[in-house]
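Listed below are the structures to be examined.
Shared between the two complexes below is subunit A, which has subunit B as its partner in the first and subunit C in the second.
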Partner chain A sequence: MSTQLLIAALVQGSLYALIALGLNLIYGTMRLLNVAHGEFVMIGAYIAYWGITLLGLSPIIAIFLAIPFTVALGAAFYFGIFKRAMRSREFVERIEANSLLVFFGASIIIQNVTALLFTPDQRAYHYLEQIVHIGPAQTPISKLVALAIAGAVCIGAVAFFRLSTLGIAIKALIQQREASALVGIPVARIDMICFCLGFAVAGLAGVLVSMTEQISPYMGFPFTVIAFVVVILGGLGNMLGSLFGGLLLGVLETFGVALTAPSYRSIMIYAVFIAVLLLRPQGLFGTKRART
Partner chain B sequence: MNPHLNRTLGLVTLVALLAIALPWLGNDYYTGFFFELVTWIALAESWIIISGMTGYVSLGHVVFIGLGAYVAALTWMEIPLWTIIPLTGLSAGALAAVIGYPCLRVRGPYFVILTFGVSELVKFIIVNIESALSQAGRTLFAAPDINDLYFIGLGLAWASVMIALLVRDSRFGAGLRAIRENEEAAETIGVSVSWFKLAAFVLSAIIPGMVGSLLILRSTYFDPLQIFNPQTSVLIVTMAVIGGSDRPFGPLLGVALLVVLQELLWANLPQLYMIIVGVLLIGVVIWMPGGVYGRLQRAFAAKPTAARPT
Partner chain C sequence: MKGLLTAAAAAAVSLAFVGGAYAADPIKIGFSLPKTGIYAPAAPSQEQAYDLWRDQVNAAGGIEVAGGGKRLVQFVQYDDQSDPAQAAKIYEKLIVEDKVDLLLGPWGTPHHIAVAGVLERHKFPMVGDTAASVILRSMKPGYIWFPTSALPDEMGKQLPLLLKSQGVKTVAVTTAQYIFSLENKKYMMEGLKAAGIQVVAEADYPVDIKDMTAVITKVKAANPDAEISLSMPGDSVLYTKQSAELGLHPKVQFMLVGPTASFFTHIFGDKLEGLITMGHWSPSLNAKAKAFYDAYEAKYKDAPDYLDSSLSYESCEILQAAVAKVGLDHEKLKTEFATDTFDTIDGPVKFNGVVNATTPTMFLQYQKDQYQIVWPEKAATAKLEMK
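Take a look at the complex of A and B:
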């Protein structure tokens, strides 16, 4: 029983961590609140769905279609809207509220374009549904594949922020934007890279999510909310924190639902969310300074 | 009170009095349309009290509508309508006081997300209460006809515009705007920041609560998932922002635009309607800060200087 739950919690938690990572990257560097993040997850999921139903492509290969697609869309957003808007003083003065409204608009557009194109119906596909036994637990292989990929990417991200020059530059930018520019970090270019990376991670996560549950045009928004919960748990702008936050929420959710009832799932997520915002808005691991 | 404000208040009242005649001009379909219009006006004008004036953007105003609707659904046929409406307003105000006190300590994007989270939390709590009572929705029998609902809605719309105008012109309104510009500075010069914010939040919740009771009497069916739909909060924000949330007359333009669009598209192409809402929202935030009303005002104000040869 508990091994079963632990595996479910890990699968859920690693996906949450991945989705939150992308959101945190965009917020951390540019202070843009991307409430359309879940919609990019949904796009990734649809690419995997159409890849396997129309072309017979394995979702693993669909990852390599989903990432360029979401990155291209993200780049279009960056160059079409934000690059110009970031130069306007009026926009930057209230950047968080304004970006929230812009992304809200984007989220509404993406949801409804998808619903128009592909109908609002729920869809699912069959992929690696054989059950494997791990000790007393049993789980479909697809969930283990999703866990392996999400876990590998999360660990890769940790290494990236620790070891590579680019990763360290991104961390510097998150901590001290002005000072980073002074020491010669190309701020505008790293903004653009983080923007695209954030969307790439969302697209990748979408493919993995589609392996574990049904998809629909409106599936994105709950993921946006969860990503915000996770990011706030871990601290806005704190990459490692959002990985821990994701796992923590996965565990809380899976065990919480097992101990009570599935209908309490949403109440639990929102209760954690509100409690953290009110009690520790700087995140569980954050310092007071991170609060703005 | 200055004479200019008196004139504006008089004008608003005159328009509202003339609008009483609207149900006699057309049929129930038109009255239904005007009902939509006045309820959205009441919602958007209430929203700007907290979000337009203090800059604390509430993305959860649907919670007050939903609570009002729930109270109305519970008390309908138990107590008379004229007591239900104030009661729904009071309960929404009380809820605003309870959630506002902790939430308003949190600023900027955190507040926005928090209001959204609270409204979803309340929604799911009510969903669970209803399913524990094994109620799959509640039907309201013998609801008042559309004309009566329209008159009450018109009254609420009038009240919301009057309140927005009066607040904006008062010391209270000046304090709220000071909070938006710089909260620390406002505190330093003696604005009791937390009370002002809480009062504005409660004030902006009461009318939406009452609107909730009207909406549920109009649809005659209470389903928490529908009445607490976060899309309503998004639409309120969009209407106010498109029109211009800084001026009491701004939201009227946004409401008029979106309600007409909604009437044209909702029945056949609801997705297209939402796509247009999204495009308008992005367009206004990026290219028209201050909204349509702000832009118009600037255009008229700029004319004399533009005409002068330089």
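Take a look at the complex of A and C:
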């Protein structure tokens, strides 16, 4: 039983971590509260669904369609709204509230346009459903593939932020935005890159989610909520924290539920969330941010 | 004085015009549906049944109004955004501002309950459809009626009897934390106890559950003869998917809400063979039922929902028959709904108070691409098949 739960926890946790990673990038660098993040996960899921249903494309290939599509949407948001808006002092002064409202509107529009285009029906496809046995546990191959890809991207992202120049520049921007500009980091360009990367990760996560569960135009919002919880758990702007936060939530959802009762799922998640906010407001892995 | 005369003449002319045009005016039928918001996935199966009925009636020259010949049907429809309070406001507007002639039901129990007060206040009779709750039994009779026979108290008695007839001795019960599921659980537990069936595993879970591994492994470990999943559509899909992945195959599987919707069969297809679910209609029931199924499928290239689509169409049929008999007068319609027996795609329907008194509580089983009525035996369209 515990191996079975461990697999479920890892699959769920790695997907949560991946979704939170995208949200954290956009929030960390630009302080934009992207409450439509889940909707971009949903778009990725629909691309995978239509890819396999209409064109017979493997979801793995759909990843390479979903990422450019969500990046293009991200770029449209960035250049259409935020690049201009961030020049206005009034907007930047209340950037979190303002961006929350912009994305909230976007979330409603995207959900309902998707429902209008594709009906609000739930959908799912069959892909790599062959069962493999791992010790006493069993799982479809599709879940292992989703876990492998999500895990690799999360670990790759952590390495990227530690080792590459761009990654370090992004981290610098997250930690000290004004100081970064002073030392010559091209803030506007990195903003744009992070914004698009955040959307790319959402698109990728959507494809992987569609491999493990059913999809619908309304699937996004719960992921947005979970991503926010993970980001707070791990520390705002802390990528390694997102990874551990996601896994922690996955473990809580499976082992916590198995040890207590499924009806305690939300209580456990929010109890941990509130405990972290009270005891370590900077997140489990966050460092206290200097006020600038 | 001259001006006054001119005005009076103009008024007389326009009145005559209005009077003349009136006979040709379409009949306005109002309703709200959740086109957006959390219940939006439920709207199409109901809306499409309404639309199909309207198109069929209009193709035949319109709806027969007692003493008034045929008149075309026109819908006045609004989005209630999945909010029952909004539905109540919309029905008020439909009656007061839009001055509709007739009303059809919104979607779901909370919306019907919210609208009932408005109907009562305006003394406007309406046959509801997609609502099912024991709460309906306690509603004040008068201006609303419900054709469903899938009420939790009766299902809680009948399903254990069905299971017992198949030699089931142990069950697992998993329940989504949603009012309809929980209501069913309450009566199901009583019924199982009365039938002497032992509950060997039990779990409640939130409807937005993302992973059911813990629930399913618990059920699998208890190895019950039958599994009763008191689920809602989203978790029905997740449960079916994950129980196949985790190798849970009980002899009998019951699932509450979801399986009768066409999206469910699109996802799982023949993997559903043998699945039992709630419902009291099947295209195999009679010629009218088959004609409705075929017309729906031809129009939408998709099967109707065995619950929502058939109930919605049924309420239209009842409305149509009543208007043909007594016309549009609300008090006469009220008496007609309350007293007559209506011939529908779900067989004869007569109301007792607010609920359907003729259609028995039934269960459906998926057999070769279609759901058949398998319980009670006297109403069955096919024999219950066991794995």
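Throughout what follows, the second predicted complex is superposed on the first by the 267 of 292 C-alpha atoms of A that agree within 3 Å, B and C clash if a C-alpha of one lies under 4 Å from a C-alpha of the other, contacts with A are read in each partner's own complex, and residues count from 1 in each chain.
Quick note on the criterion: a contact is a pair of C-beta atoms (placed from the backbone, for glycine too) under 8 Å apart; a residue touches a chain by one contact, two chains touch by 3 or more.
All values derive from a computational prediction rather than experimental measurement.
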Which superposed partner A:Thr70 touches (first subunit B, second subunit C, both, neither): neither
Which superposed partner A:Ser216 touches (first subunit B, second subunit C, both, neither): second
Partner chain(s) touched by A:Ile81 [first = subunit B, second = subunit C, both, neither]: first
Which of subunit B and subunit C A:Thr29 touches, first, second, both or neither: neither
First, second, both or neither for A:Leu100, with subunit B first and subunit C second: first
Contacts of A:Thr139 with subunit B and subunit C, given as first, second, both or neither: second
Partner chain in contact with A:Leu277 - subunit B first, subunit C second, else both or neither: first
Which superposed partner A:Ser242 touches (first subunit B, second subunit C, both, neither): neither
Which of subunit B and subunit C A:Ser266 touches, first, second, both or neither: both
Residues of subunit A that lie at the interface with subunit B and also at the interface with subunit C: 111-112, 115, 263, 266
Subunit A to subunit C touching residues, read off their complex: 1, 4-5, 7-8, 11-12, 111-112, 115, 119-124, 129, 131, 138-140, 143, 213-214, 216-218, 222, 253-255, 257-258, 261-263, 265-266
Contact footprint of subunit B on subunit A as seen in their complex: 33, 81, 84-85, 90-91, 94, 96-98, 100-102, 104-109, 111-113, 115-116, 221, 225, 228, 232, 263-264, 266-267, 270-271, 273-274, 277-278, 281, 292
In the complex, subunit C residues that touch subunit A: 36, 38, 40-41, 43-44, 177, 203-206, 208-215, 217-218, 221, 233-234, 237-238, 241, 244-247, 261-263, 266-267
Residue numbers on subunit B that touch subunit A, as the complex places them: 55, 57, 102-103, 105-110, 112-114, 116-118, 120-121, 124-125, 127-128, 131, 230, 234, 237-238, 241, 271-272, 274-275, 277-282, 285-286, 289
